[in-house]
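In what comes next, chain A is part of two complexes: it sits with chain B in the first one and with chain C in the second one.
Coming up: the complex of A and B.
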């Protein structure tokens, strides 16, 4: 196209609304958040002053912060591990079902959790796990597996595993659908060629399928890590971070600090720390992904 | 030998069916249970916590949440907010995505990387700035404020998705239209948009679901029951003195249904879009 022959200012009109929106509703609020992290702003008083790094030292010496960070790491790693395991194996199983109708039906059944609004996830699981009338505790007791109704959401040792199960339920369909889409891009010729050469199923999977979809899996792990690490709604609505902070992840810690206790400055500092952690994870992942891409090209 | 391999294959298939069936029960059971409980009478609900068949089928719970608890207002609010967000975001982001693909090809790659960064951004980080800004603008506890905030995270992601779709439009078609004397905007609306219609529709539905399901910002920015969305209404219903689980289930069904129905239509497009760049 020859648009660049004369100076073409008209083209900016296309992207201007989007750029303006991102600046006003994204760059500016983010900037102000970083600025607040150096002040002693609260939501109660309108005046505030600059306090340097004192918010950061306060956060980094707060044992609750480290506890929340540790909870976040557990939450992310466990959720992701099981989401990947189940999502991936479900995609493989679904892919080897030959009957098209059956495959479509299973596919739709399996993606139901992904479509659930978070508030509905919270309510239905609270109801299923309810300590008096819940389906799961009652069933377990009726089958004689537990002596009395298990209290999944108020026993400190059970809370995090239970929340992880809920998160795996919600998250595995996304992995499954993406892996399924990637599996369909592997050309059948390669399998046929391998079959003629007498390759075994496992070898075919290891040497043809896996290298082909490695990048998709890599990207999925990046995206999911970040989403799960950032996720606030599920835990907040199911347990609110309790009992006694057992399920307080970093986003909930930030929310409580800023919104409940009104310490805007300190909560902003914690938010900036969260961002730095995420950027580090992202950078590390993208390094690995780039390396893979180069390997694939060479 | 031949029989042995056939037997092996058969076993493998049975294994696959068993596995996906178990998973399907795990995945779909909560929705089924939600429905069953929403049509049970409240006595039945509490007396028989594991019975799959309601003693008596009743729509009383639905009637109660719609009429007595005024859920209709919140459905309207959610619809208004989600539809306006979707509409505005679709216009802004399709313009931008097309602009990036056609007029800023070099910058385009960098731009889409930046855009996806905004999508990975933790929602919690912007809670306080939004509360402060909306307070200053006098938009706290308004639907307009909510729409503005929802645009902030929907537009970047939509641009990113749409760039992928616009890239598939062959430039020759546009040149032909231009030679026939159509202006840029005319070419865009008459020629390009119809070609990417499926992508555009699925992006729009995705944004709608996003807005429909959003919780955190609605929690921060709206408080009164007449303004707020379904999610927040349900959240406050949980805090009632006497929690009526039958009502909760009926209200949940109302929130879940549009989401599930829309989702089954668009899941293929969304899945493709998300990791498309990574497929070699």
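Coming up: the complex of A and C.
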């Protein structure tokens, strides 16, 4: 006896909105970006032609691309490192405060940088660091720490460290809040058992706290790497990528190609290269995360 | 395992979605058909329809004056609706560039300068304004202003107001050292160095790659020597003796009398230094007066304007840059007749003078006869700064947009100022100590490559 399988196409109706959304917001923009990267499309002309790999060749042979990539790597690694260190330390400090009201007050105070719009933060820092009438250079000079107004935003050696400080100040609260939330899920029973066995605080941190929260930290690192690598507004608003490209990261390089020079094809090629770089980095991160998960399961 | 795949896929999706924000544009575009001039007009000739007007008058007084004119126009023509959208000068170019692809374009707009109109013509988005100009009277506008926007025999912009670049100085500071207003670049430089102390800078040289100041300042110098930043074949010329001399001159100004910070300064950051009394000299249009009056009113009485310096005192009079802010009717507009009627309304004395008075001296009338009217002349600021008004008016008469000079309107002239490449060249010389000739040659090659890609 043959059974006829009844095809129920109605179920597709339920997922259609989601599929449409993914196609509109992800597949189409990404697909068209990859497509344009093989064309000579410009921003101000609707006509264009296929140019093969010429955009990729132009990007990969452009010294400014490699300089921007190196600046992006420095920007991401330094920002992430200090955001993690400060965010983690602040979370541990907050977690050790017993008074609930005090903990709440400190948590609100420390989250303030994250609560501001990035544009407002960039404008405020630009004003604070201004080399003519900025508060910080003036204060340093009046305190006798520097002989003349330090030029944080125009001295090539100072520009990137200054921007990293701003980004660390802006980004560490996110790490702090997430790590604090993870810390609060660690069972107190384990600490009590370890105490009975005579474990020291460092041992408890290493063998109980860290294994519990390392997945959260891992995911935070993945997310922050993507966000910081792609971050555009803080640098663009404060220095515009200057002087002489010393603070031009890849997103600014791509923006300038697309919106200033109006080379949509070339900027799309640079964005595709950036996508490949970030996918590679994320793949490496996920290998580590998978390994941790396997260790936890076993 | 399944969870890991989901997590990995989600992260990759987020990453890719985030990256799509870096791309230049989003979809293929089809140009709208040319507008039918008669569309929307009712049989009895009464105007009817809706238009969108983009302008860049973000300051309250100018914005209010335009809105008031639009309101009164709509009251007069009940069938008309004018939707006004305001974009800062900096955002405007990006907005319409993106609009070419997305189709989000206005019926009528201002433009940053005549050069941008040529960009619009090249992008085939601006409509000829000949019908309006012929009915309103071409002779009521400056011939040079119309010439800057004329392409293949058609004129694509209607001058709304004009200004020109002149030298601004503080005569109290000059009086204090017993100095006269400089007439040559060398005199200007010597005085600027002399006036630089702990509180004041003689002059500022700014070259943010997000603005055109490096190009503008180099153009002053090159034009004063009778040269041009464009060759006759419309390629860039940054390596002539005059251009190299000009680059060296401004690098010296930066090193010896300008704040270091200005290497990243845009037009507004730069002008604010003069507004706040931080610099003794500056080069700008008549907008300086309103800036000084609102930032440091106590020095406003000491501010005055003079023609741009020359290389030799006996060189002929010149003007390096005159700007006519145009109104442009867009090709895709379905109601050009409403746009034309509204432009005529904006230029009527009762609407035009209140608009000009929003920034007196900053906006010089582009329509003949307005500056002679009692209503215009009676403005206190215009009266007090009458010397500055005369200096600017003369510079408007003599000048053109950057790169237009003897070569006429060209897309190259427009791209010269919008790419940030001359500014990057200055930054490279100042920051990395790159040899001037090498940096100039590199910038010249980059700009010529862009011209090739954008125009051919």
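Some points to look at:
Just so it is clear, the second predicted complex is superposed on the first by the 282 of 298 C-alpha atoms of A that agree within 3 Å, B and C clash if a C-alpha of one lies under 4 Å from a C-alpha of the other, contacts with A are read in each partner's own complex, and residues count from 1 in each chain.
Note that a residue touches a chain if its C-beta (ideal position, glycine included) is under 8 Å from a C-beta of that chain, and two chains touch if they have at least 3 such contacts.
Everything numeric here is computed off the predicted structure, so don't read it as measured data.
Superposition note: with chain A as the common reference, chain B and chain C are in steric clash. In the superposition on chain A, A:155 contacts chain C only, with no contact to chain B.
Contacts of A:264 after superposition: both chain B and chain C are touched. In the superposed pair of complexes, A:69 makes contact with neither chain B nor chain C. Of the two partner chains, chain C is the only one that A:242 touches; chain B does not reach it. After overlaying the two complexes on the shared chain, residue contacts for A:36 are found with chain B and with chain C alike.
Touch counts on chain A: comparing chain C and chain B, the chain ahead is B.
Look at A:8: by the touch rule set out above, it reaches chain B but stays clear of chain C. Once the two complexes are laid over each other on the shared chain, residue contacts for A:255 go to chain B and to chain C alike. Touch criterion not met for A:204: it reaches neither chain B nor chain C.
Of the two partner chains placed by superposition, chain B and chain C are both touched by A:274.
Only one segment of chain B in 7-15, 43-51, 79-87 or 115-123 runs into chain C in the superposed model, and that segment is 115-123. Note: residues 25-26, 28-30, 32-33, 36, 43, 130, 133, 223, 226-227, 230, 232, 251, 254-255, 258-259, 264, 267-268, 271, 274-275, 278, 282 of chain A belong to the chain B contact set and to the chain C contact set alike, using the contact criterion stated above.
If you check the complex, the residues on chain B that touch chain A are 12-13, 15-17, 19-21, 23-24, 26-28, 30-31, 33-34, 37, 45-46, 49-50, 92-93, 95-96, 98-100, 102-104, 118, 120-133, 148-149, 151-152, 155-156, 159, 171, 175, 184, 209, 212-213, 215-216, 220, 230-231, 234-235, 238, 245, 248-249, 252, 255-256, 259-260, 262-264, 267-268, 271-272, 274-275, 277-280. Only residues 25-26, 28-30, 32-33, 36, 40-46, 130-133, 151, 153-156, 222-223, 226-227, 230, 232, 239-246, 251, 254-264, 267-268, 270-271, 274-275, 278-279, 282, 286, 290, 293 of chain A touch chain C when the two sit together in their complex. Looking at the complex, you find that chain A touches chain B at residues 1, 3, 8, 10-11, 13-15, 17-19, 21-22, 25-26, 28-30, 32-33, 36, 43, 86, 89-90, 93-94, 96-98, 102, 106, 108-120, 123-125, 127-128, 130, 133-135, 138-139, 142, 169, 172-174, 177-178, 180-182, 185, 212-213, 215-216, 218-220, 223, 226-227, 229-230, 232-233, 237, 251, 254-255, 258-259, 264, 267-268, 271-272, 274-275, 278, 282, 296. By the touch criterion stated above, chain C contacts chain A in their complex at residues 4, 7-8, 11-31, 94, 97-98, 100-101, 119, 122-123, 208-210, 259-264, 266, 273, 276, 278, 418-420, 424, 427-428, 430-432, 450, 453-454.
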